[in-house]
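One chain, subunit A, appears in both complexes that follow, with subunit B as partner in the first and subunit C in the second.
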Partner chain A sequence: MSAPVLTEQAIPPVAPATTKRSSWYAYLRQPTVALSVLVLLVMVLMAVFAPLIADEPSGAGPDVLQPPSGAHWFGTDDLGQDIFAQVVWGTRTSLVIGLAASLIAIVLGTAIGLAAAYFRPIDAVATVITDVMLALPTLPLMIMLAAVVSPSVGTLTLIIGFFAWPEVARLIRSQGLVISAMPYIDGARVLGASGWRIVTREILPAVVSLMIVSVLLTASRAVISEAGLSFLGLGDPDAWSWGRILLNAQRSGTIAIAWWQTLFPSLAILLLVLAATLAGLRFNDTRDPRRNGG
Partner chain B sequence: MKKTVKGRWRLAVALGVVATLGVSGCGLNEDNSSSSGSSDTVLRIGTTTDVSNFNPLQSLSKTDSWILNAMYPHLLRIDENAQKAPELAKEYRYEDDGKTAVFELRDDFKWTDGQPVVAEDVKFSAEKIMEYKLGNVAAKLTWVESIEAPDATTVKFKLSQPYAPFAEGVGFWMSIVPKHVFEKAGDLSKFPNDSNWVGAGPFVLDSMTKGQRYVMKRNEHYPLAPEGKAAVSQVEYRVYPDVNTMMLALRNGDIDLMGTPVPVSAAKTFENDSKIKLAKVGALGFAHLTYNMKNKYLADQEVRQALSMSVDTKAIIDAVLQGDGQQMAGPISPIFAEYDNTEIQPYPFDPAAAKAKLAAAGYKDANNDGFFDELSFGVACDQSNANITRVVQLFRESAAKAGIKLENECVERNTFLTRTKNGEYDIDASQWGVFDNPMDQLRSTYLSSNPGGINYNLLESAEMDTLINDAAGTTDPEAFKAKIKNLDKVVHEQAYLTPLYVENFQFAYNASKFTGFAPSPSDLLGMVTAYSLAQVTPVK
Partner chain C sequence: MVRFVLSRALKAVLTVWIAITSTFFLLRLLPGDPTTLMVEGDMTPEMQAALLKTYGLDRPLWEQYVSYLRELVQGNLGISFRQIQPVTDIILDRLPWTLLLAGSAFVLTVAVGIPIGVTAAVNRGKWLDRALQGFGISANALFVPSVAILLLVFFGAQLGWFPIGGAIDPDTRGVGAYLSLAHHLVLPVLSLILVQLGPYALTLRTNMIEVLGEDYIRAAQARGLSARRRVWKHGLRNAILPALTLMGLQLGTLVGGAVLTETVFAYPGVGRLIYEAVGQQDYPVIQGAFIMLAVTVVVANALTDMLYAVLNPRIRL
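Presenting the complex of A and B:
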C-alpha cells in the first residue's frame, strides 16, 4: 500500500489537492476559456432540452424558403421547415456522436497508448498499427464503411470513434513513456507491483489531464466528421444533424438563394469546434507543469 | 449472402476511390479560355458527370446519352407532345399480320466520313445488339427472328410473334452506328469507341478533357436541321458535379444551357435574371413506392392498400414539387392518355381508415406503442434524389398515423442501386425515368421473368403474366387499349405500387444568346436531343 504515497509525491502533472480549486478558478478566469465553456454549456443545454426549445421539424409548411424573421429566426428551407428547429435538434445528434465517438477513441487510444508505453513487446506492434492508421486517408475510408453498413447514429459513432483513436494513442504513449521512465515507477516495480497495477494505478492517473484534453479535441473532430458524412449523404436519414441541413440545401440547389440554410448550421459547427478546441488547449496549458513552474 | 457482402465491399472500395478522385477533381472548371474567340456560335451545356461509356449500343447512362444521341441517329424520336416522330426513318408499318415491322429510311443522312447512312447500318446495329446482348435495347429485340435490308432505305424485322409496340420501342431506343467503322472493332461488348468518332447526328465528338469538357463539332450534313446543318458550329459539354455550381455558371455566362433540370426549389434563382429563361417539359416516367412481394406482410393486399392510403400525394405534390406535378391512380401515366384508365381513382389519403382496415384484417398492437406489431418496413431510396428523400420523410410521418412504422433507408446512390438489384428492401421509393410506351413498361415491371430488370415488386404472378402476354400479342388497337386499361386497374386494385406524381422539368438557358430549342418531355431528352440541338440558332 505504499505505492500511492510515492505517487502523490512524485508525479509532477497532478497538482496537489489543495491547489486544485484555485487552478480550476484560474483556468475558468481566462476570457477565452470562460466564453468557450459558456458556448459548450449552451450547446449541451440546447441538446438536452431540444423538445422544449423547438418542435421536432416535420411535415411541410407554406412558408417556403423564407429569410430569417421573427417567426423563423434562422429562416425556412424548401419544404417550409424551420431552420432554427433543425439546428437545435441537430445539436443533439452532433453532441451525442461527438461525445460517444470521442469516448470510444479515448478508451481505445488510452488502452493502446499505455500498453505500448509500458510493455515493450506490445510497443513495436502498436506503434506500427498506429502509424498505419494515421497514414490512412480517413475520410474516404469512413465513406466506404458508412456506405457498407446501414447509416444510423450508432454505426456512425462506431465508425468515427474507430478512426479517431490513433491520435489519442500516440499522445498517451508519448506521455506514458516519460512517466514510465520516472523513478517512482521503478520504485513500484521494486516493491513488487504487477504490470497491470503499475499501468492502471501509477501511469494512468498521470495522463488523465491529457485524456481530458483529448476528449475535447477528439470530440470536435468527430463533430466535423459527422457533419461531413451527413453532408455526403451517409448520415442517419432519420436524425437531424447539421450536416444534413447543409446536404438538404446543396441537394435542392438553394445554396445561392437561401444563405440562411447554410450559414446557421455552419456557424453552429464552427462555434462548437472552436469552443471545444480552445477549452481543450487552454486546459492543457494550465495543467502543463513547465508553464506553471511545477 | 456471402456474395452480396463481397459485392458491397467492392462497391465500397470503388466509392472510396471515387470520393478521393472527386475531391481532387473539383474546381477544375475555371479555365474558360478556349471558347472566348468565337463564343457566339459555341453552345456550352452543363452536364453533371463524365461520359462513362462511349459505346452508344451499350451505355445506359443518362448523361452519356446526351452526348451520344447527338452523334448517332435513331430511327424515331419523341417530339414535344410525347409522340413518336420520324428521325432517320421516314415511316414504319407492319406487314404479315404484325409479324414483320418495316422501316423506310431517309436517303440524305451522312456519316461524317462522307458515307451515306444505309439500311445495312441499321441491320448491323440491331444484329450486334442481339449478338452481344448490349444495353437496354437487347430486351426489346427479343422477338426478332431475322433482319433484312432489301435496299439501301428499307429494313425489315421479322418477328416470332406480333408485338404491338415493337417498332416504337426499337425505333426510339436503338442507336444506329456506322457498320464500316464498328465492324472493324470485333467484339462490340468490349469496344470503348473513345476516339476518332464517326457519327451522323448534328454534332460529333472532337476532343475531350476528362472532368472538364467534351467538345463536339458540327456535322456538315444533317438533313433535320433547317439549313441542312446546325446553325451552331460547336457544342461543348462542361462538367459541373454540383447543381448549385452549374446554376451559378449559367448566371455568370460560363455556360448557355443546363442539361439537368433546375430543382423546383431553386427556380427562384433565375427570377430576376432577364437573360435566363426556363422551358418546361413533362415527364415520361413517374415517382412511385413499390412494395417487395417477397416480404411476408407486404404480400398482403390489405397492407399495400393501407400503405397507399397513408401517402398524402396531394400534399407531397404541393410541398415537394411546389404544386407543379400531376397525381396518378394506376401505373399508367396520364401522358399516355389513350391507355390511362380514367375510371380508377387514387386511394384517398386517410390514415385513420387505413388503421381501421389493418385492425379489421387482424393486425394487432399488443404492446400499445401506437404501431401494429408486425408492420415495420424500411423504405429504401437514393440519398442524392432531393425530391424522393423529402417524400420518404413525409411518408414516414403520415404512415405513423396509420400505425405503420417506417424506417428511412435513404442511402448513398451506388449502395441504393446495389440493394435494388439484390432485392434488399421492403419498400422501394424511386423514380422511373423514361417509359416510351405502356406495354414495355408493364412487361418490364410486372413479368415474372423480369426482362427489363426493373420488376421491383419481385412479383411472380401467373395471373399477371397471362394478362401481360395476352395484351402484348394483341394487334387490334382498340382491343389492345382495353387490355392495357384493364391491367392499369388490376395493378391499382392490387396496389403493387403507389404512384406518387408525374413531375414537370424546367430547363434553364441563356435566351439572350440562343433560341429555337425544341424540348421533348423527360430529363433524359429535355433540351439536348439531336433534333433540338440542330434547331438552335444564336441570337443576333
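Presenting the complex of A and C:
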C-alpha cells in the first residue's frame, strides 16, 4: 500500500537555475527515468489500443486453466478466458482511474493546501480536516462508500480521488508556507495585489513542479487503491481490472494451482506503480538544486 | 503528564466523532441509500414500510443521527441485515484476530527495521544500504494481495511449510494450540511486514545519518565512547523518534493491508468479515467494521504519540 516516500523535508523551496530544456534532458537521460517512462508509454499504448491487441474477454472458452502457451501467452482462467486479454483490458481501467482520481486529488489538494498556506483563518480548519482524514484507515473508508453506491469506473474515481487529497494538501501547504514568507510576496502585497491574485499568480507557479511529482505519486496510490477495492469485489462489474483477475482466482479457488492467473496481473500492478513512483521521485531529485550543485 | 494525556485523548475522541458524523451524513446523501440496498424487490409496500420502521429509517435524518450517536456511545452498532445478530457482537468476535495480526506485524516491523536501518546508516553506500534503498522505494509498489498470494503459493501450497488458510487448527489443545496459532500467523504477518518494512527502515536510516553528523555524537567520540555505544545508545535514541511517528501514521495503511491479507488467507478477522459483508451487501456490518477499525487506529495512534513523549529525551513530562 502507500508509504510516504516523499517527506516534507525532501522538498527544496527554490527552483533550479538551469533552463527548462536542459533540466528535462538531464531528467530523461537517467537510465531509471528512461526505463520508467518507457514502461508508462507501453502501458498507455496498451490501454489506448486494447481492442486492437486482444478481444475483450467474455463468456466461456474451451481451454480451461491452460498454462501460458503460444495461443494464450498468459494462460487461461477457470472459464477458459484469456488472461493476456484480461490484463490488457485491465490496463485501461487502472490507468483511467489512476489518472482521473489523481487529478481530482491534485486539484482539491492544491486548492486546500494553498488556501491554508496563505489565509491564516482557513489554515486552522483545513489542518484539522487534513489531520482527521490522514488519521483514518482509508481502505475501510473507501470500502464503506463503494459498497453503498453501485461501483463503476466513475464512482470509484470519485471515491479514490476524494480520499487522496489530504496528502497532496499537506505537501503543497508546507511548500506554500515557505513561499508565502518570501520577500516577493510581501512586495506583491505592498503593491496592492489581492489575496486571490497573490495565491494564483505568485504562489501557484512556485508549486507547479511539486504538483507534477504529486500527480505521479498520487496516481500510483490510486492504482493500488483501485486494485484493492476490485480485489474485495467492489470493482466496476462491467470493466476488466487487475484486481478483478486476482479476485476471480480467489473466488474460484485456483490460486494454488494456476500461478499464471495471479502472477501476470500482479506484475502489471508492480511495473506500473514502480515506474510512476520512480519517475516522480527522480523528477523531484532533478529539481533539487542541492543535488545538482547549483 | 496528565494534561498531555488528556489533550491527546480529547483529540482522539474529536477525530472519531468527525469521522462518524461525516460518514453518517455522506452515506445517507449518496444516491444508493441503505433502504434500497436492504429492501428486496419482491416485497409489498407494507412490508417495506414495516421493515424501514423496524430499523428506524423512516424518521427524519437529524433524529436518526441523534439516536445513532446515542446507541453508538452505548456500544450498539445496529443489527446485521443478513445474520440477525447485533453488529457489535459480530465484530468483537473477529477484532481480536485482526489485532493479533496487525499488532504482530507492527512489533516485528519495528524490531527488524531498527537493526537494518541502523546498520545501513553506519555502512553507508555498502550493499545493505543500497539494497535497502531499492527495497524501500519498491515497497511502495507492492500490492498486498499479490505479496500474500505469492507467499501462499510458494511456502503454503508448493513447499507445504505453512497452512494456506485459517487461524488455528481446532483439534489442538494447550501448548499445541499456541503453536498452531503461531504457525497460521507466519504467512499473513510476513505479507504485511514485507510491505511495511522498507519505508520504515529507510526512514530510520535517513534519521540516523542525520543524527550521526550532530555535534553531540562528535563530542561523544571525543570523550572516547566506543562506536557501538555512540550509535546504539546516543544516536538511536534520537533517530528512533521520527520513525515512531511514521509508524503511527502508517497504522491506517497497516489496517488496510490486514483487510486484504485476511481475505487471501481466509483469516477470521474483521477484514475477512468486511469481504464477506461486501458479498452479502450487509451494510450495517461494513459501516460498523469501519467505525471499529477507525477507533482502533486512532487509539493506537494516540498511544504511539504518548510513547513518543515518554521516549523523547527533550520532553520531560
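Following the convention adopted for this analysis, the second predicted complex is superposed on the first by the 274 of 294 C-alpha atoms of A that agree within 3 Å, B and C clash if a C-alpha of one lies under 4 Å from a C-alpha of the other, contacts with A are read in each partner's own complex, and residues count from 1 in each chain.
Methods note: a residue touches a chain if its C-beta (ideal position, glycine included) is under 8 Å from a C-beta of that chain, and two chains touch if they have at least 3 such contacts.
Everything numeric here is computed off the predicted structure, so don't read it as measured data.
Q: In the superposed model built on subunit A, check whether subunit B and subunit C fit or clash.
A: clash
Q: Look at A:237 in the shared chain and tell me whether it touches subunit B only, subunit C only, both, or neither; answer first, second, both or neither.
A: In the superposition, A:237 contacts subunit B only.
Q: On the A-aligned overlay, A:150 touches which partner chain: subunit B = first, subunit C = second, or both, or neither?
A: The answer is both, since A:150 touches subunit B and subunit C.
Q: When the two structures are overlaid on chain A, which partner does A:273 contact: first (subunit B), second (subunit C), both, or neither?
A: The second partner, subunit C, only.
Q: Look at A:80 in the shared chain and tell me whether it touches subunit B only, subunit C only, both, or neither; answer first, second, both or neither.
A: first
Q: Scan A:250 for contacts with subunit B and subunit C and give back first, second, both or neither.
A: Touch status of A:250: both partners.
Q: Tell me which partner A:65 touches in the superposition: subunit B (first), subunit C (second), both or neither.
A: Touch partner of A:65: subunit B, not subunit C.
Q: Is A:213 in contact with subunit B, with subunit C, with both, or with neither (first, second, both, neither)?
A: neither
Q: For A:141, using the defined touch cut-off, is the partner it touches subunit B, subunit C, both, or neither? Pick first, second, both or neither.
A: A:141 contacts both subunit B and subunit C.
Q: Residues of subunit A touched: more by subunit B or subunit C?
A: C
Q: Once the shared chain is lined up, is A:160 touching subunit B (first), subunit C (second), both, or neither of them?
A: In the superposition, A:160 touches no partner, neither subunit B nor subunit C.
Q: Given 168-176, 204-212 or 240-248, which part of subunit C has C-alpha atoms clashing with subunit B after the fit on chain A?
A: The overlap with subunit B comes from subunit C residues 168-176.
Q: For subunit A, which residues lie in the overlap of the subunit B contacts and the subunit C contacts?
A: 137, 139-141, 143-145, 147-148, 150, 232-234, 250, 255-256
Q: Show me the residue ranges of subunit B that touch subunit A in the complex, using the header's touch definition.
A: 8-9, 11-13, 15-17, 19-20, 242-244, 247-248, 262-266, 268-269, 315, 318-320, 322, 383-384, 386, 389-390, 392-394, 396-397, 407-415
Q: State the interface residues of subunit A toward subunit C in the complex, per the touch definition above.
A: 1-5, 7, 129, 131-132, 134-141, 143-145, 147-150, 220, 224, 227-228, 231-234, 243, 246, 249-250, 255-256, 259, 262, 265-266, 269-270, 273-274, 277-278, 281
Q: Using the touch definition up top, name the residues of subunit C that touch subunit A in the complex.
A: Per the stated touch rule, the residues are 14-15, 18-19, 23, 26-27, 30-34, 37, 136-146, 149-150, 152-153, 156-157, 164, 195-196, 198-199, 203, 246, 249-253, 255-257, 259-260, 263-264, 274-275, 277-279, 281, 283, 286-287, 289-290, 293-294, 297-298, 301.
Q: How about subunit A: which of its residues touch subunit B in the complex?
A: On the subunit A side, the touching residues are 58-60, 64-65, 78-80, 137, 139-141, 143-148, 150-151, 232-234, 237-238, 248, 250-257.
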